[in-house]
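The two complexes that follow have chain A in common; it is paired with chain B in the first and with chain C in the second.
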Partner chain A sequence: MSMQTFTTAATVEEAVAAVAAGARPVAGGTDLVVGARTGKSTMPGSVVAIHRVAELRGVEPLADGGLRLGSLASHAEIAESDDVCARFTALSDASAIVGSHATRAQGTVGGNLMNASPAMETGGPLVCLGATVTLRSPSGTRSVAVEDLWTGPGKTTAAPDELLVGVEVPAPAAGTGSAYVRLEYRRQMEIAVVGATAAVTVVDGVVTAARVAMTALSATIRRVPDAEAALVGSDGGSAAIESAGAAVAAAATPISDVRGSADYRRAMAAVIARRAIKTALSRARGENA
Partner chain B sequence: MATVEEPRTFIRPDGKEKVTGTGRYTADLVLAGELVAKFRYADHTHARITRIDVTKARALPGVLAVVTHEDVPDVLYGGMVKDRRLFARDTVRFEGDVVAAVAATTAAIAEQAVALIEVDYEPLPVVTDFEAALADDSTLVHPAWEEYEGNESLGRHHNTVGYTAIVKGDADAALASADVVVRGRYVTDPVQGVPIEPRAVIAQWQGDKVTVWTSTQVPYAARGGVAHVLQIPESHVRIIVPLLGGGFGAKCDFHFEGHVAALARAARRPVKLVFSRREEFFAVGHRREGMVIEFESGARSDGTLLARKARLVLDKGAYCGEGGFFSEMAAMHALGPYELENVNIQSSLVYSNNQPSSSIRAPTAPQVCWALEQHMDELAAALGMDPIDLRRKTLIETGSVTATGQVLEQIAMKETLEKAVELIGYGQELPEDEAIGVAVGWWPCFAANSGAYVKLNPDGTGTIITGAQENGTGSVMAMPTYVAAELGMQPEDFSMLYQDTDAAPYDMGSCGSQTTFNSGRAVIAAAVDLRDQLLDAAAEQLEASRDDLELVSGSILVKGSPDKSVTIAELAGEGTFHGKGAGEVPFAPEALAEGCVGQSGLESFHAPQLIAHAVRVRVDRDTGVVRVLQVAAAHDCGVILNRMGADGQVYGGVVMGIGQALSERTQLDAEGRHLNAHLTDYKLVTASDAPQIDIAWIETDTLNAGPKGSKGVGEPPCVPTAGAVANAIARVLGARVHQLPMTPERVWKAGQ
Partner chain C sequence: MKVAATLSVNGFAYPVELDPGTNLLAAVRDVIGLTGSKEGCDDSECGACMMLLDGQPVNACSYLALQAEGSEITTVEGLADGDTLAPLQVAFLELGGVQCGFCTPGMLVSATALLADNPSPTEDDVRIGLSGNLCRCTGYDGIVKAVLSVAGSS
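Take a look at the complex of A and B:
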């Protein structure tokens, strides 16, 4: 590690100014510090700690039925929120299984999104729930849809002087259910080998809207339009689920590595996508799932 | 035979400090002026070294020593074959070979210096396929193998560092006459011990003597190693082990104490080495070996086992270390606890350019048992028999004679099977994605010298001075319990002075499930000696006959005269009481073993521990993900002296066995380099994955047992877990997984 300067920001302004001056923000440190310790990445020369910035905290329901997450909202806070669990269920699913107990207590949604790992848990749910992030720089603030945030592993569309300060999730339409499912080899301290998210709206027995995203199956988390098309207008029955799952497998561009072969990942893409869709449909219908 | 009662709770003396984080491990010690050590590892997995230039590294400010083979005596070392140098001289043979070491004022400078060392190589063909390495025309990992000093029994030849054959009767003829013959080939990946404490070593010289604080399971072997590689008397080396954060076998054998001692001598300062997690994976010449295992068995249609043939190839990796006995140990596990008339087992331990393998908790047994127990279930299926019934018919029992001619006296193999089957509820109706699998195994005791002292302090407490090591296995709990029982005192009355080679007599260390068997025997003998001294003193003081005295609750009483007594504290304040003992080392039973070669002493299993595990699993057929839901573990480990400690060994061993069964494996690239030397992708089982574990102890009177009829208990729980999981998976899938670990991808593929 070769960190030269470490400052602690007390306000958003201080944090943004430090980032604009070239510092890497650190909150939970579950990617930055762990990555540097294991040799996966080097510690940046300049670091600004933002964990004490009160304005960046919070998991708040909005008056219009939406949800605002401060960038410092921890996975544990999100997972423990009854409101998130009831209406943004896929995000609740994901936050509850990030890493270990320690990772969930330390790690933040802002860090998770900006780390831009194609295997991150919270990305797929936020994409499917139509979330946007607020990026702030000394020159102003802008909103970016989460699905437009990533360009590759570890790469985002955020400018170097921008700090992610919050995430907004719009109110889900009536009859919406969502789910995130991960293929996992063990129950704790796991990283997605394959993941899938579905958010579907069912009105009078017909799927009127669907979003399906895949995790750890391409260079970034991304939606699968063919899978969504297979669901919209259908009754959400097994044929529609089957073809949506197949569409995810077809869209996947998996790699072979120590966690699994590309063949296995592709086969699991269909299985895990079907499970996510099935669970989301059950939730949309108000069934207990 | 009897079942064992729950014990009173005794909180282990090191428990609180370990749990609260106040415990001091080796890496926590700080010596004034200490330097940081870093190693320069091999840049190739097999190459000739043509030049080593440390000039630039030595010139770097802050570097106080750079050490290569030129700076230490030119000697070879190794427990069973001397085939390795402290620092590579002409050849590097695996990823973790140490070419040079640096001691510097900071870690950053040491890292920089290590990178400045210039090493030129001439790459050699890399031997990673250990089965192919058996061929006579294979590249030799050690071209000078014939010149090495090594244990005569190993039958070394070319890349084969150990060869064992067990032959009895005529296996081929018996197979030809069998109604049913089944064959199987099983392949296992290498596995690591993964102690949570990465190892650390600190060395400090005073004159020509060196003290080494190190995270080792075997301080006396470490002492011998340092003395040998530096060519100094053993009495000039003192090894101290602060709290040890686990070992699981990986901290057995002599490893890096010599490198650090050499650095400290050259730097004239204390030097500390602390491994990163990555180094703890790839640089340690000590992991569980990969194997290729082929079985062929024949039976009569009624289940009578007629013959077994086996061919085993074990990956020794680059160096032998203490693991030369593996070919014989694996061959004994290929026999397994079965009655067999016709046997032909061929077992080869082979050098490669992979990381060296050595003892990890029950070395060789989990892999061979996993293969054999699947093979036995496959035989049962071919016979149309229930696998439990086939085992009922073929397992050893009291009076059985093994294939190596050992007569087994007082064993409860079949009883453990029945108990495990009963505990798990074998035969119950289960959901269609669940099934129960059963496996059996065995493991020997290792008799060895040990010694101990017990002294009384003036306040009536005592101190136990023992060579026993605390590897997490509970010697700090067991030793005071044993001594207190002899003296009518409480375990809490005793402190321990241990893990210091200058304090206690020799002990083998925390390995081979031997702490109670040997250290316990010595400690009890010392306590008995002390008790005799106390009784003599009390008899004189109380003017009573020794025979009328008893030790109760810290006092010595005259039986029937409650007013006539003296406390141990009173006696201790007036005199000097110290007991010593070693106990009589029990002999291993004889084995005739005609037709066997490669005997290193394991052809008879001394006081064998018999084990049956039954597991219930749930298999997700669509993904191949397996969850172990319940494990029933029934063990014959002789008389259980410390139930809480014994149970703890089973809990830990079963969980470790599940990791080996399902997820733990080291993946290597085409040149034998680690691909997953970190805990993200080397998948240990977590507490959340641990199943319900039910334990039954079946106590037997064992011939040549340890103290009070005990046997070992630390390693057996690792032995049959993977085999039982495999058999359960096969029942759900209707197909077998022939590779270990049985990862989700492999299970999924087998079920396709």
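Take a look at the complex of A and C:
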């Protein structure tokens, strides 16, 4: 089916009304247009462009130390934010390597999350940083934890009439460091072959909190509780990192595709998870990694 | 059903009528007739279709043309001043940045965006900044030298 109707929303209300009426929202177009052409998905019959809605923009530090991202926040804006780089570093790592400079200039965090690819870059960091999204429909708004947003590749728990309007990330506890690492074959226009995120809090040399998530290793990006348990209470030394990495590999249920076999992905899962955890620990200790 | 719109390309307003699903590259090449931008992969991988949207790079093959209404679009045709090539274009010619020429329009547009964002890039900055643009001929060296030669000079 080819696209029959195209409208441009000027306000959030217009955008939400159009989505509720069945239109597919488009912002940067970096997934929608390519997906439709390659047959991965069909071009929706009705599209509402939301890229001119000023209220959906912005990368704003909050007074309580948290962060608010409008759904239209581009990867370039996120990657260039000093606040994100300093305190939400895993997200900065991720946004800085999405696609190419053109993808980062046009592609948005809202689109990245709602396309629900298990290989998306920003998902793991937002899960590990405890982020929530705000979904808006004509009947109101609700918050959903990012880790509860996906049900499978391309599938979310958002209702058909809901539009993602923003992302909130709580202030990290003192002594927290985070990192996102992916296995890649080229510098740009790459998608994670395998990815891992870690967010750890270190107090007086002891890991007091840890979140570890795997990317492109299961049907959705998800946390690995066994890896987190291996780190919490430890000194964050090599034995703890080793067992956390092994836990990620054990939890992985990867697919085989053109970018890597399931066996290769499983073997690399431990390696990439260890790198993410090591980097997060260094950052938590203020080692400036 | 076609939709009437006005696209502003290189400072000129072009009235167009487009199917809503038309991408920006097809609109600029096939409807407006500016064929400098190329279609390489048609999949956002190669960068041959690179244009600027309000100064920001975009893979035009993967952007809906109707979304560009209200923005200023820049293509390779907009880089020169009449018959006078931009310093970047001269440098590409003089330093071996052009061989078959197919990637050149996208390379020039990406390099223009890079230099606008970072007027004094290092060689690493240039290589990373252009890594969304593929070239099968030059081995990139002439292109990188050309960009570095004009860096900081404008």
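Side notes on the structure shown:
Everything below uses one rule, namely that the second predicted complex is superposed on the first by the 288 of 289 C-alpha atoms of A that agree within 3 Å, B and C clash if a C-alpha of one lies under 4 Å from a C-alpha of the other, contacts with A are read in each partner's own complex, and residues count from 1 in each chain.
In this text, a contact is a pair of C-beta atoms (placed from the backbone, for glycine too) under 8 Å apart; a residue touches a chain by one contact, two chains touch by 3 or more.
Computed from a predicted model, the values in this text were never measured in an experiment.
For the composite obtained by superposing both complexes on chain A, the positions of chain B and chain C are in clash.
In the superposed pair of complexes, A:Ala102 makes contact with chain C only, with no contact to chain B. Judged by the touch definition given at the top, the superposed model places A:Val26 against chain C, while chain B stays out of reach. Touch criterion met: A:Val271 reaches chain B, while chain C stays clear of it. When the shared chain is aligned, no partner comes close enough to touch A:Ala229: not chain B, not chain C.
In the superposed model, A:Gly260 lies in contact with chain B only, and not with chain C. Of the two partner chains placed by superposition, only chain C is touched by A:His51; chain B is not.
The partner that reaches more residues of chain A, of the two candidates chain B and chain C, is C. Judged by the touch definition given at the top, the superposed model places A:Leu183 against chain B, while chain C stays out of reach. Put simply, chain A uses residues 2, 38, 100, 186-189 to touch chain B in one complex and chain C in the other.
Contact residues of chain A toward chain C in the complex are 2-6, 8, 26, 28-30, 33-34, 36-38, 43, 47, 49, 51-52, 76, 99-103, 105-106, 186-189.
By the touch criterion given at the top, residues 108, 276-278, 622-623, 625, 662-663, 667, 675-676, 678-681, 683, 685-689, 743-745, 748-749 of chain B touch chain A in their complex.
Residues 2, 38-39, 100, 183-189, 191, 258-261, 264, 267-268, 271-272 of chain A are the ones that touch chain B when the two sit in their complex.
Across the interface of their complex, chain A is touched by residues 1, 3, 19-21, 23, 42-45, 47, 50, 53, 56-59, 61-64, 66-67, 69-70, 110, 113-114, 128-129, 131-132 of chain C.
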